[in-house]
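Shared chain: chain A. Partners: chain B in the first complex, chain C in the second.
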Partner chain A sequence: MSVLRLAYHYLRIGALNELQYRINFWLQLMQSAVALTVGLVGLSLVFYHTTDVAGWSRAELLAVMGVHILMGGLIGALIQPNMLRLMEDVKQGTLDFVLIKPVDAQALISVREIRLWRLVDVLVGMVVLGVALVQLGETLQLLALFAFGLALACGAVMIYSFWLILTSVAFWVIRVDDMINLFEGIYAAGRWPVGIYPAWLQGLLTFVVPVAFAVTVPAEALTARLDSSTLALACVLALLLFLLARLVWRTGLRRYGGASA
Partner chain B sequence: MFDLYWTTARTAVMVQLQYRMANYFYMIGMIAEPIIYLVVWSTIAAAQGGEVGGYTPGAFAAYYIVWTLVRNMNIVFTPYGWEWRIKHGELSAALLRPVHPLHFDIAYFAGWKFVVILLWLPLAGLLALLFPPTLHPTWLEVVVFCVAIWGAYLIRTMFLWLLGMVTFWTTRVSALYELYFACELLLSGRLVPMALLPAWARELAWFLPFQWTFGFPIEALVGQLTPHELLLGLAMQLLWILVGLGLVQLVWRAGVRRYGAVGG
Partner chain C sequence: MADAAISVAELRKIYQVPEREAGLRAALRSLVRRRVREVPAVAGVSFTIAPGEIVGFLGPNGAGKTTTLKMLAGLLHPTDGEARVLGYQPYRRDYAYLRQMTLVMGNRNQLQWDLPALDSFELQRAIYRIPQTEFRATRDAFIDLMDVGAIVSKPVRNLSLGERMKMEIIGALLHRPKILFLDEPTIGLDVTMQRRIRSFIAAYNQRYAATVMLTSHYMADVEALCQRVIVIHHGRVRYDGPLAGLVDRFAAYRQLEVSLAEPADLSHYGEVVAANGVHVTLRVAKAEASRVSARLLNEQAVADLTIEEPPIDDVIEQVFAT
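Our next item is the complex of A and B:
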């Protein structure tokens, strides 16, 4: 059975489940609106005092914000809920139910949950991005759009791999719930281009928590700042991180005791 | 009454000292936020020829490092907890006691604060190494700061209690809370020092309790407030504590009556 078809069915069932709770859509919309307003006010406050931040104009920073919201929506809808469920399963011993199924366990734990309404943020992010692009007044070339898509995909793979590594730590230390706070705090740093941070923090945001590749690099692709070597590096790193995550997951799995052990 | 406070606070200290790691993780997750603000505004200050709105990068560092302590002082019983309190019957148990449950919350979280302050010190040291602050407080400023953080704690306790008590009437509260927290973020000095807000926003903030819980305690230590402004700030804190207390009493009485009706 192809993994893709399996993923499709899981996500469809998850989505149908979420569709029962329509009111959550409005709550999410409200939440997204408040978050967007705060973000926009923050941006205007900055540009109330200056005309550019480390070489980024207002419209360009708006584009960064758009990517940040978009990627945050993807993480919140697809990646984080699966990882939280995995943590819970490891703690409770209910991961057994995944392991006895005849498909690759990593594929299965990655598609079990979806928070459909968080995808509102993907739409909000796209709208913000669209507005930013109009303000920039550049005609988008097909190539830039392609680079953007590729960079975004690489970023998503890196965040997924990072989360899987983090969650796999649960096999050793069980209690990792506090890490969510930590991740969300650090992800918030992606609201601004990583270039403005001091060098040690840039390193952290690039190679430890791949926020730079998830947000800044895609935004660079759209604002004509990206060179092809950075994009190539993103692809290579995404692949490496994915392989590393798989390795850590498998090593961790060997330590898993199961509910009855 | 003193015994109640003393015992509850001591219990809190002992409980929370057991969860040192969890407390630390929480604090570390929290410092990402001020570091982001600090970096953004330091960059702008540097680009503007060394200062923006009277703040140099060093002054921003001082502001946002003290911010981390004030933020921790601002943590009180969360309004989201009220739903749990009411649903799980916690409140019924609290109502059986001869003292107002507000006393328990104030005492417990105040005790917790001592653990938090203790854990905060090394973190502040580390931050000061990474982002050298410009900080030359006078003795008066230190004293006012030490009082003001507790004033901030009390104001926020009152207002989050008020917010939480909305749960007596409806449980669809998350949207309201989000809105409240957004206003608080923008108008309290948490996002940016009050001096960087446009004049109209500063005027608006004057009529709200937010800045006295966040901006004022920080500025008392790092800002150039005159002794007159320092005392005025403390007076405003006292005023808002009393206003909050009055409102809490009012809403609490109505709410408890309603709670009885639901349970009975």
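Our next item is the complex of A and C:
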């Protein structure tokens, strides 16, 4: 797999890069701690008044929060920086250097950047998840763990595809920096299971920005709420979205080279 | 010609440029109906280049040099006409082709900013899948040739512009491409750096029989490297032949930069190109240059005087404007 080989080399370079700024590790740790505290306080405030939210118990919501932090870490460490770099490259004209390389351009633009310290959130998310599972008192079935992993992977692919589609729009409209803020605002909504939102917002969070699949569905897998048809749907949607993203990316590239103009 | 490294026939590239007048109202109107204007950047260019040739590709800014290079490197899709490089159609971007060519752009870089160049070289190795032993041999030879052994392990951000450019070039050639497109590789560098890069390119061309297309604003680059030059202007080839012919034909004059003690009219010495108070730029025939300088020094209160070759851009611009 040449994609994995490339990813490994860039991961190595990225790690070297980030190790030069060790202070960022502490900053990230602080940021993660603050975010976690705010999340926990919010959660306990809600459960001060009630015992369940839209059918989710406190421990289950903690699990959702854990997945939200974990996925947020993956997005911030691996997906977002690459997309930002792509936008920058389109703006500066340095995308040319990608296109003259004898490797798949999409693979290359997807693995070039890593924010190593954002992976702190992946660890924090896993710890929160662990605590939630202990509170739930459930013994983890291997099957549930597998379903969780699969759902998480599907969610990540969907978020990646969503980002690539947005970023490919950079070929048409050059100013897209605001998309980051928009995305982060919407992703913040994923802290709660999408089921608690009104129907129109649920639709938005499921099919426009796939936050539901990135956070709620994996959490459901872990808390034994997930039925297999939802998981199958997640897989199919992930694949479709990925193919769509590739199509949009290629159209964007053709546009960049002026083939369709 | 079947064995040409690069052959281009009636190549054209037309850009669609959105057009609108200034002002808010025009901007709003253009939202509804976008008017596009067609701008021919390359308007039917033909030439062939044999394997191993170094060709200077010259022309004023906006002549279509970069657009042509980008089409040959597979970055832009030609609007019309045919381009073949090593038998490939560049815009298809076959990996087999990309592996054999490189593009260096003097004003853009691809090295990892915060890391030593060595790490970026390692990435190139991974991307081009260069075998380890071959990679080491090539890398070390290039480092030697560029004389950068002492700075390859310094972060790129701490290097000077010239040092960085040397690293860029090494990185871009590690896979030993047969075709080199060099777009202003020496832009903004001092004379020593330019000279080193020039001799590196010459050595690379010698050793690997590589074909080179070079654009530069520096006549010295072209004189040192290119037997042949292709001059384009307004998207068309205006001259294709030996460099000697170009210099004879178009650089038949010199520029005198004169600083006077007090302003004076120098128009009877030669053509005044620019006069800014006590600083005057004169254009005189090449053969006359030393005689006119002597007269100036004798007859005027001259504080400083230099004789310069006219900038290549000016020469070309002037010649083709007529």
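Rule of thumb we're sticking to: the second predicted complex is superposed on the first by the 255 of 261 C-alpha atoms of A that agree within 3 Å, B and C clash if a C-alpha of one lies under 4 Å from a C-alpha of the other, contacts with A are read in each partner's own complex, and residues count from 1 in each chain.
As a convention for this text, a contact is a pair of C-beta atoms (placed from the backbone, for glycine too) under 8 Å apart; a residue touches a chain by one contact, two chains touch by 3 or more.
Since we're looking at a predicted model, the values are computed, not measured.
Undergrad: With both structures lined up on chain A, is it a clash or a fit for chain B and chain C?
TA: fit
Undergrad: Touch test for A:Leu19: chain B only (first), chain C only (second), both, or neither?
TA: A:Leu19: touches no partner chain.
Undergrad: With both structures fitted on chain A, tell me whether chain B or chain C touches more of chain A's residues.
TA: B
Undergrad: Please indicate which partner A:Thr94 is in contact with in the superposed arrangement: first for chain B, second for chain C, both, or neither.
TA: Touch partner of A:Thr94: chain C, not chain B.
Undergrad: Based on the superposed arrangement, let me know which partner A:Pro198 touches: chain B (first), chain C (second), both, or neither?
TA: A:Pro198 sits against chain B, while chain C stays out of touch.
Undergrad: Using the superposed model, give me the angle at chain A's CA centre between the CA centres of chain B and chain C, as a multiple of 10 °.
TA: About 90 degrees, rounded to the nearest 10.
Undergrad: Would you check which partner chain A:Leu4 touches, where first means chain B only, second means chain C only, and both and neither mean what they say?
TA: neither
Undergrad: Contacts for A:Leu182 in the overlay, against chain B (first) and chain C (second): which applies, first, second, both or neither?
TA: So A:Leu182 only meets chain B here.
Undergrad: Who does A:Gly257 touch here: chain B (first), chain C (second), both, or neither?
TA: Touch status of A:Gly257: second partner only.
Undergrad: Considering only touches as defined above, state whether A:Val103 meets chain B (first), chain C (second), both or neither.
TA: After superposing on A, A:Val103 lies in contact with chain C but is clear of chain B.
Undergrad: Just chain B (first), just chain C (second), both, or neither: which does A:His49 touch?
TA: Once the two structures are laid over each other on A, A:His49 reaches chain B alone.
Undergrad: In the superposition on the shared chain, how near does any CA atom of chain B get to one of chain C? Answer in angstrom.
TA: 10
Undergrad: Counting contacts the way the document defines them, which residues of chain A are shared by the two interfaces, the one with chain B and the one with chain C?
TA: Common interface on chain A, chain B vs chain C: nothing in common.
Undergrad: Which residues, counting only chain A, touch chain B once they are in their complex?
TA: The contact residues of chain A facing chain B are 27, 30-31, 34, 37-38, 41-42, 45-46, 48-50, 52-54, 178-179, 181-182, 184-186, 188-189, 191-192, 196-198, 200-201.
Undergrad: If you look only at chain B, which of its residues touch chain A in the complex?
TA: Of all residues in chain B, those touching chain A are 22, 25-26, 28-33, 35-36, 39-40, 43-44, 47-48, 52-53, 130, 174-175, 178-179, 182, 185-186, 191-192, 196-198.
Undergrad: So in the complex, which bits of chain A are touching chain C?
TA: 5-6, 9-10, 13, 16-17, 20, 92-94, 96-97, 99-103, 108, 254, 257-259, 261
Undergrad: Can you name the residues of chain C that touch chain A in the complex?
TA: 13, 15-16, 70, 73-77, 79, 91, 93, 95-96, 98-99, 101-103, 105, 108-110, 112, 114-115, 119-120, 122-123, 126-128
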